[in-house]
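These are the structures, in structure tokens.
After this come two complexes, each holding chain A, first together with chain B and then together with chain C.
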Partner chain A sequence: MNQSIKRTMAIFQKDYKDFTKNLYVSSMIFLPLFLAAFYGRMGVQSLDMVFMVFNLTLTVIAAFTQSALIAEEKEKNTLRGLMLSPAGTGEILIGKSLVSFLISAIVLIFSAFLIGYQPENALLIVAALFVSILFYLGIGTLLGLITRSVMEASVAILPVLLFFSFSSFAVQLSDEYPILKVAEYLPNSQLVDLGYAVQNGAGFGDGWAALLIITAWTIGVSALVVAVYQKKMVDK
Partner chain B sequence: MIKIINAEKSSSDSVVFPPFSMEIKVRETAAIHSSLNVRSVLMDIFSGGMSLSSGSIEISGNKLASDFKNYNGKLSVMFLEEGLYERLTVKEQITFWKKLHLSSRTSDEILRLVQLEHLKKKRISSLTFSEKRRVHFARLLLENKPVLILEEPDQNVDLETRRVIKKVTEALKEEGKSILLLTGNMESALFMTEHVHRLDEKGLHRLDVELEEDESSGEEIPEREDHGVSQPVQIEKIPAKINEKIILFNPPEIDFVESSEGQSNLSVQGEVYPCTFTLNDLEKRLVPFGFFRCHRSYIVNLQKVREVVTWTRNSYSLVLEGTDRTTIPLSKLKMAELKEMLGLK
Partner chain C sequence: MENIIEVKRLAKIFGNETALKDISFEVKKGETFGFLGPSGSGKTTTIKILTAQLRETDGEAYVFGVPAEQIKQNHYRRRIGVLTDNSGLYSRLSIWDNLKLYCDLYDVPATRIEEVIEMVNLKGEEKKKVSALSKGMLQRVILARSFLHKPELLFLDEPTSALDPVNSRHIYRGLEKLKSEGTTIFLTTHDMNEAELLCDRVAFLNNGTIQLLEEPKVLKKKFGNDMLKVELTDGTEVMIEKGPKGAQQLFEYMNVNKVAGIQSNEPTLGDIFIEVTGRKLS
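And now, the complex of A and B:
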């Protein structure tokens, strides 16, 4: 193993141990699981519901967990120690994202199982969810970096949570208010669109546009995260 | 090795510190005694959070301004307010640092050095302030960088921790590190380091601790005996001046006298009063009342001393009575003298 991977893994292991003892954050994983089980038992099979649970999982687990982990490092003065350590920007950001990434992935799989969702083209959906997790991790990291404490981050995440969980419904109103057409290009709406397309038998050939848009969002957010991180490193 | 060349900082039209230069070689320890503002500005500059107005800082040949990556790779910084992962145990925290810094030392060795073996399974959030401080020192040992900058390392810690800190810094020095201490406490500076400097708006002044001590020690003993004989008990008050008022103290009230930059300060029940006499004059007046010149810059009231602490073979402190357990440096030469006075030898 080279040094860079060793350092990244050190941060990951530390975060994993910390996360298991952090009830404030770890208890959050039950919210989407509960919703998924609830809708699954109710027999609601509308794709809108399935993807609302997915989008909620992504915001609550990926974005919220990540922002809380980063904000806590800032609040407890430990981020400075990491920044001054030999670990580079990439090593720290990846190491700090691994725990949230794994937990999001696990919760998504369980929610899909509990709600009884079986897509026609599982590979395409998995790819779209994978990129979406990265996007929401980016949003979470960004929020964690610009807020000063876990409390602030928890408040700042609320509008984000509402926005990304429910803006896919705004698309339905776009006939009445044309301006809402913009919402179609948000990563969460694209994910829902892709879900419908897959149900109607779409393959990679048809789904790539949606995948590309989500990827573009992810790259944009990641670039922003690196820029903000570098700036924080200079003025602390 | 750390080299500071004509470093200067001013902010919003006021001078924080004028240009000063200093150098700390390999296996050397030095302290900069300064006000809180100067200290925190210096810490920000050293850690790269703020830049100098002019001048430069080099760590083992790497410039702060132009080569921060290599500069930072040679430097360990310890702030007064350092963070720890409160939910981890001591052992987990140390293992994390060990992996992050790719250290070859074992965590058991580190735990032994900072005397935390018995606490290794405890969560960091349940440790006392002093024990947390020892965890921070574990990081310095694991980082293993040639230059260390410490901000108030032994502020508010208990005696046992102080002993550990002193031992660890001595060990680091023996390994060939250069250590710079930033503090507002003269006693801490004298206790921890060999060379003490004072930095204020007038510049950097070096206090020649060891040198003058050796010179003056020869003449003091006969002097004291002189006074002891020729001045029998007499009523003598020690004047201190505050604003326009002159306050007179009875010598037994005074806990100790500290001198900084030629100004002697009387310490009475935790309050500090500037006194117009020099330390040498005060010594002549106070010795008949059971005072003792325990260090070049200190006179202590022996009636108030509760404990004599031996940190290492030639480093000692006096601990005073009272709840805050103030410590005062006791120099090597004076230790022998004190033992003699107490009839221990």
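And now, the complex of A and C:
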């Protein structure tokens, strides 16, 4: 196995073992699943509700889990050990994101199943959710890097959670408050828009703009993560 | 002999506080170099600069012939091992799992875990969860991790500070083995016995400056007073010179069976440190 992949997988395996023993973080996966099961049983068909569950999954699982995993590494001084090892920035950041990525993907699939969401163009929605997971992982990593402990990260994630879970609803008020039009360009709003477009028969040709906007956010956040990580390698 | 570390007029200032003032020294390949000083004297700051965890304010620091800042490149990181006060372990995982991660990161076979576990006297404890370990055991696991990959250069910041004498002795044997295999050791400590036992050369660091740099045996000779302490059978102690006059005096005591014990009156490194810096090591 390529040495770089071996190092990335070593960090992933360590995180997986650690995650299964970390009840504080692992128990969070039940929140979106519970909500999805609740809406599914109630027979909720509104796309807004479906994507609220998706956005909640992304913020609670991808962003929160990731921020807690990174913040704990900082709190317990283990991140410095990784930084001083031969593992490079990419290997550490990817290795540290794989657990959150896989869990987010699994919870999203189960949530969709529990709500009974069957999009016309599943591939387009999967592509958008894939890029969205990466965006929220970036947000989680960033919060984990700038906070000093899991507790601090748990508090810092709250506004992020509220902002990205519910700001798509703000777009509905943009006629009354034009400034809220900005919210249309947030990745969570783009995801909801894409959901509606797909429901109305849109394919890749029509959905590329939304995908591109979410991808642009992801690239921006990833660049910020790498810059902050590099800065954190050296003490002040 | 080739220099592994070269430091020239290194300075570090944190805000209004000067941690290091123009320190200069070299560490030769294969030697154990002791950096001795009380808490807050700048020992950890020096290690952090040499391992690219901290930027110097002024001066130059070279490790393996390249500026210390370049040590963060992967191929250099493979050649160094570091134990500092901010080294941590994964508390929910076992000792073995913690070390296995680093075996994979350094591309070292997992069989090496047994060797290092033995060196730090933790045989049979591998499956124990880190959260269940005592402070001394934690320190030994972190130490084991620092030399798991047989580094060319090992930075140890107070490696035995949390250990009892029995475990410290185990560590000393392990470090001597590493040294015999060619590892250069940069050791900071305020334990003068440890320094005396392990170090080829020592530097006394006080208030951010190096006040003395020499081999322990040379220092002892330099600061010694060439006297012998003779303990007599009546419980009194007399100091006698090591020369012919002292020999005559000693003969007289021995002739009447009055000598209970003879000790060399060499100063310890601790005595010398206090004499040079006027400060105690604590």
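By our rule, the second predicted complex is superposed on the first by the 235 of 236 C-alpha atoms of A that agree within 3 Å, B and C clash if a C-alpha of one lies under 4 Å from a C-alpha of the other, contacts with A are read in each partner's own complex, and residues count from 1 in each chain.
In this text, a residue touches a chain if its C-beta (ideal position, glycine included) is under 8 Å from a C-beta of that chain, and two chains touch if they have at least 3 such contacts.
Keep in mind the model is a prediction, meaning the values are calculated, not measured.
Undergrad: Putting chain B and chain C onto chain A via the overlay, clash or fit?
TA: Once chain A is superposed (C-alpha atoms), there is a clash between chain B and chain C.
Undergrad: First (chain B), second (chain C), both or neither: which does A:84 touch?
TA: It touches chain B and chain C both.
Undergrad: Which of the two partners, first being chain B and second being chain C, lies in contact with A:22: first, second, both, or neither?
TA: After superposition on chain A, A:22 lies in contact with both partners, chain B and chain C.
Undergrad: In the overlay, answer first, second, both or neither for which of chain B and chain C A:228 touches.
TA: Neither partner.
Undergrad: For A:37, is the partner it touches chain B (first), chain C (second), both, or none of the two (neither)?
TA: neither
Undergrad: Quick check for you: in the superposed arrangement, does A:3 touch first (chain B), second (chain C), both or neither?
TA: After superposing on A, A:3 lies in contact with both chain B and chain C.
Undergrad: Do any residues of chain A touch both chain B and chain C, and if so, which are they?
TA: Residues common to the chain A contacts of chain C and of chain B are 3, 6-7, 9-11, 13-14, 17-18, 21-22, 76-78, 80-82, 84-87, 234-235, listed in rising order.
Undergrad: For chain A, which residues are in contact with chain B within the complex?
TA: Interface residues on chain A, with respect to chain B: 3, 6-7, 9-11, 13-14, 17-18, 21-22, 73, 76-82, 84-87, 234-236.
Undergrad: Note which residues of chain B are touching chain A in the complex, please.
TA: Of all residues in chain B, those touching chain A are 44, 47-49, 72-73, 77, 79, 81-88, 92, 96, 99-102, 139.
Undergrad: Per the contact definition, I'd like the list of chain A residues that touch chain C in the complex.
TA: Residues 3, 6-7, 9-11, 13-14, 17-18, 21-22, 76-78, 80-88, 233-235 of chain A touch chain C in their complex.
Undergrad: Using the touch definition up top, name the residues of chain C that touch chain A in the complex.
TA: Listed in rising order, the residues of chain C that touch chain A are 48, 51-55, 72, 74-75, 77-78, 80, 82, 86-93, 97, 100-102, 104-107, 145.
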